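Paired with chain B in one complex and with chain C in the other, chain A is shared by the two complexes that follow.
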Partner chain A sequence: MTHAASPAGAEKRRQGINFRRYLTSPQSFLVLIILVLVGVIGAAKPNAFNGAFVVAPLLTSIAIFTIVGLAQMMVLSIGQMNIAVGNMAAFGAMFTGMAFDLWDMPFLVGLLVGLVAGSIIGGLTGWIIARTGVNSFIVTLAMSFALLGLVPTVYSMLSPGSAFTSKPDGMEFLGRGTFLDVCMVGYCGPAAIPVMVVPVLIVVLFVGGLYARTKLGREILLTGANIKAAELSAIPTNKRVVLVHAISGALAAFAGILLATSTGSFTPAIGNEFMLQSFLGPILGGTLLAGGYISVTGTFLGITLALLIRRGLELFGAGVEMLNIFLGLILLVALSAERIRTVRRRRPVEVPAETPPDTPSEKEAIPSGASA
Partner chain B sequence: MSTPILQARNVTKSYPGVKALDNVNLTLMPGEIHALLGENGAGKSTLIKYLTGVHQADSGTLLIGGEERNFANPSDSTAAGVGVVHQERNVIREFTVAENIVLSRTPKKCGFIDWKKVNSEAARCLALMDLDIDPGTPISSLSSAQIQLVEIARALYTETKVLLLDEPTASISDAEAAKLFKVIHRLKADGAAILFVSHKLDEVYAHCDTVSVLRDGKTVLSDAALADHPQDEIVNVMVGRSLASLVTPERTVDSTQEPVLELRNVTTTAGHGGISLQVRPGEILGLYGLVGAGRTELAHAILGRERITEGELLVNGHTAKIRSVRDALHEHGIGYVTESRKEEGVFLDQNITRNVAATTWGKLAGPLGVVGAGRERELVAKYIDELSIKVSSQDQLAGQLSGGNQQKVSLAKWLAADPRILIIDEPTIGIDVRTKRSFYELIWGLAEKGLAILLISSDLAEMITLADRIVVMDSFTLAGTVDNTHHYDTMSQDVIRLIHAKALV
Partner chain C sequence: MKFKLPATMGSQYLVLIATIVLGAILLGVSSGGNFFGPVSMQTFFQFLAVPILIGLAQMITLAVGQLNLAIGAIGGVAACLAAVMVADWGFNPWLGGLVALVVGAVAGIANGILVVVTKINGFIVTLATMTVLLGVQYALVNTRTISADNWKSVAALGKASWFGLPAIFVIAIIVAVMVGLAFKFTTTGRHLLASGDNEHAATLAGISNDRSLTIAHGASGLIAGFAGFISFTSLPGVNQSVGGDWLLSSFAAPIIGGVSLTGGTVAVFGTVLAAFVVRLVDSARAEFQLAPAWVNLVIGAVILGTVALGRLRETRETAKAGMLRARVANHRINAAAVENTAAEEVKL
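The block that comes next holds the complex of A and B.
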């Protein structure tokens, strides 16, 4: 029997398969394209990757949009979508702005207030979806419209110039600081790497660990793979749906707050660009729209690729229109690739009939107990 | 001798690592019902998919009415008069019955759909099947058995010279099967050839004329007259060696033990009334009834998916309020192996590890809910071994396993949860004799270990083989209980009398 092969042999074969799968995965393909792009841009414009003026802003937007991508990926993992990521980002950031401007809260407390606000609005969305069974697209679309109206209204009521501009200690450091500001025993870090990378990396590891290692992550994936079977496997599917939307809302809010700290003010326009980008990262990275399969690394790589292309086109003087055409094409290619992959995964593979099993339990067989 | 309607010669089809079909030969003559037999994974479905242009073979020829043909897709085969009903349901759920029936060739007038004709044609096909279904009914409102019958009606829409039926009777009731056989015999009288795949040998012997047997992708018996080959011999040919007959273990249930699961005069929102039953530790209680008698719904009521409005549900002698499958497992130790394994039992796109471990993460998880991958794989390996599940590795997707192995995965998931009460719903639908046997032994073994088992099945022979007592259910009420004496004839008479007595009142 195949599974009874020597453990060492089986392990080796497993590694072999994993390695091959790794090389042919969409993620390694993305790494390849990114490397080629970096090479091409670097060769054509040797100054392109020079220091603080190009690389640091690029890394800042990669950091912010990776969080946006993860916010969408979480919801995709249960086979749903969140059209309201951008608006949830605006909503969460608004609360942080209010905390700074109106309540004079310190930086970290204000940040926490925004995250909680984001998770509450996300959790509410998830609760409506789980409770009513209405399609997530419709619920998040409705939520998106509601917030689209609510956020600017609150801003114009509470702030003179429709923006919260207080900057508590630490905001500048997180939003615009680079490792050049981090000095130890006389040495300072490179100016190309923004400080923001650190908290983002922690969040990425947190989300990755959630899916790879924990009970919750596994239950979320099975809920996405087949919600009916998950419920019949004693998984609390409704709770998982609410949880996923709550985390998605918190991540969106985090991205919104990071964007605000990097631009220096909280405005209703935060998150305007998030929605389309949020799909681009996960889909390019191999996350299945149907649910049940995600890739955190892929989401990061997908976002990196999209932003790298944007940066490259800017360097070559192409306009925003050109850029959008490009991104549209990429998304189309990514979606077709996903479709092909889904079809392949679903295609039944006839399992080897193998050698006749000779375990005792299968030794004898005669139809029906009629004669017994 | 007349020309064969369909002849496949030396058909070979390989998938990476396996030969699914290896020099297969099949000849269908006009006016014959031809049985195609073999264990799960022997290549029966692959052969049918080749004959209908779903898959292409690596080599081999296909003759239809003596002419060489090469079907590139299913519409080619439909046009050539080859009708098929696959094992999986194949309908557009958003469409009506009529729209599904005429799908392959929708009647048109001046380029627009001729709705009058659509409905009249659909009605004609349904009438051929004696089906009392309005053509305008949406497919989604039909039961899975009804959908299957509609699919057979659909195969009759185009002029069908050859009809291929892949396990058509696996999930329909005896009454519905009788209708199906009536149609098959009528087609046969009209000179059509029918290829009939089934695991139910009684049916095969009652209706088929000729037989071919596949084993590991090879034809081990080709176009033989069924009358020349008795049932025992055919089974040996299918399995590839001679098999001893089943030894039913001596079973005793300690009747002094308190029942672990008890229903007292229960009424449910699903429509049950006055249901009382008891299951003791180590006992296999059979819940028998025809399709639609309310057995699965009763299981759902126990699991809290339907509400109990009157009466009492007791677990271990205490009144239990169960709201979900999760409650049932974690609070009361009740597990439920579902009847529809593909839709509800396994996660087809997930690997074996995830599938089997799904119920155990609560137990495996350490602080912060972290699940140790090593412990998880170890646990799953144990059940793969215990249940002899044939997998190439734990990373294989469940959708790539054969039906029998998928069912084992579905069962393993619940054994891993370590329940004290296990409800098993139709465990052997569409499963071959040998795997069926290993299931019987597994279930006996579980009862031996003290599990209380509530077994739901519409296969009476299976019930009589396995159950210690059989509770007969009819239209959501209990018709009576039959103690198992293992005398098939008297017991089946008792059971059938119970169902009919109920119907007569």
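The block that comes next holds the complex of A and C.
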């Protein structure tokens, strides 16, 4: 019984190395399942791990969806959710596409334009939530409605075939290049690792560092764990909510742009598949829906597991319907596991009921029995 | 229990009714009166049945403070299973329709039981069951469209008209009235609202929250299944896209209609009116030949506006209530002071 994973950063309190804690954590469990799956797939289909044709695309999608997962994880860390994550990705990617196609901007500038657009729409969402105190689910749902309408409309007005297809220098390299293209002193890297992994790794480290090393990250987690306590500790919670939504929007936009570079064109369909995956990754990885606890590694592993299952099912020729059924069932099983974990963690400290009945509870993520 | 003041309730309905009347007149004028023609009116009401039903299905889960993301998937599976049973396995079409209802109820109860037993957030549970059901729906029909010619007797209901209105619209209204009566007059309905408003208080009053959650999800699933059945009767064919676009509009109707997300309130009339508004936006889109995307944009903006306004009104009301309470308290203190001095004067 450790309090290691209790909210608001108690895990940084080093209470000596506890190996059992590492072994029983959801992350190591995920690693185990991933290894078993890789073993099973490798044994059943020996040529499944052909570097350039299987591993590289798999790693590319893991890289993209890890960012999607982080975008959702940021918002979950303050106990809210972002239903519009896919639409924000489409919105950000749309601006990058416009920057390339209409304004002839170089690659990096266009990328920046998209990220700024994503953070503005995310920030706006956060501002509405903080200002009105309306449930984040409704605000992001309405935002996803609005963007779902706006994005295809803009595309059909500004581009002939409902897609931006200009490719400035560097886009191909980031989206489709592998380390085979990166040659130094006569030695080229393996074809199995896409170039995209590098910027994604930087972003992952940035997010991880934010939560683990900075005061800002601590404040965000405390806001998620207990917004009243955070307010009493002189944390400007409204600003933190806006900031978190802005970063989430920027991350979603980044994922959308990466997806566009890997497919080669900017279309309104970007981000269609993001919503389910964005919840799957963080939740499988142990991030709490109620806020206050996150796991960056867990999010990465959760995404990896989900995509590995998808790839495995494809290799064994299962249809898209089996995939959906499997993913849904995995989510349910993983969450029941989360539930058991929460119950076990909470047992030693008898936590009083979540909010006194007479306080306004609109700021809770989603009203349900889960937080009881 | 949270009761809205009749006055504010009335004003909200008035706004919705005014919007509908104004929108209908504008549409009528811009279409040169065609909008009020019999054919156009018939289509308008025919495609209003499903939005009303899914709005009600969502409203019931919102009443207990839950969400149901699986409404579209439940309706889709119900319609597809009915179609496959009738077209491929040769069952009686009416039996297929009955199965659609049963599927909806079973799926809804499964949602409820999962929420109760695992204590997982209803959002995630229904997200997961939605994914599973979408897979099942795809497995049932694959990429084909099963034509309604296979169930002509049931499809006749979709085209029939009672009292000058499409039969399915009348049925949807009957369902709405039944839901409204159930929430108003049955013990179970009151229990659902009590659980949704304050689960601790409900427990203390001897109400089983677990039972409330299961019943709410079950009823929501049943109505979603019914919406699937209505699609089965009225659409020219059933394929995997049935139910695909229900998710957002199922939330739009109750939220615009004045149902709170935190539970404890229902607004059947408001939900039905809001479904009218959504349908009007859709008709306007068709009238002006805009891209379907515009509907989403407008509805998104309307939802945001509604929740922001509702929130504003709530804050104002609490402020007003606070002022009133302060005034009463002041008055009491003053009265006590006056009495004290009076008593002292008497002593002197």
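As a working rule, the second predicted complex is superposed on the first by the 329 of 372 C-alpha atoms of A that agree within 3 Å, B and C clash if a C-alpha of one lies under 4 Å from a C-alpha of the other, contacts with A are read in each partner's own complex, and residues count from 1 in each chain.
Throughout what follows, a contact is a pair of C-beta atoms (placed from the backbone, for glycine too) under 8 Å apart; a residue touches a chain by one contact, two chains touch by 3 or more.
Because the structure is predicted, anything quoted here is derived from the model rather than measured.
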First (chain B), second (chain C), both or neither touched by A:139: second
Contacts of A:216 with chain B and chain C, given as first, second, both or neither: first
Chain B versus chain C as contact partner of A:235, first or second or both or neither: first
Which of chain B and chain C A:150 touches, first, second, both or neither: second
Chain B versus chain C as contact partner of A:323, first or second or both or neither: second
Partner chain(s) touched by A:169 [first = chain B, second = chain C, both, neither]: neither
Shared chain A contacts, counted only where both chain B and chain C touch the same residue: 353, 357, 361-362, 364-372
Parts of chain A lying in touch with chain C, wherever the complex brings them together: 81, 128, 132-135, 137-139, 141-153, 156, 276, 279, 283, 289, 319-329, 331-332, 335-336, 338-339, 353, 357, 361-362, 364-372
Sites on chain A touched by chain B in the complex: 1-4, 10, 13-14, 17, 209, 213-216, 218-219, 221-222, 225-226, 228-236, 292-293, 345-346, 348-354, 356-357, 359, 361-372
Touching residues on chain B, where the partner in the complex is chain A: 15-18, 20, 41-43, 46, 201-202, 215-217, 231-232, 235, 239-241, 243-246, 248, 324-326, 328-330, 336, 338, 343-350, 354, 357-359, 361-362, 364-365, 368-371, 373, 381, 384-385, 388-395, 397, 399-402, 405, 413, 417, 433-438, 440-442, 461-462, 464-466, 486, 488
In the complex, chain C residues that touch chain A: 65-67, 114-116, 118-125, 127-139, 198-201, 209, 213, 248, 251-252, 255, 261-263, 291, 293-301, 303-304, 307-308, 311-312
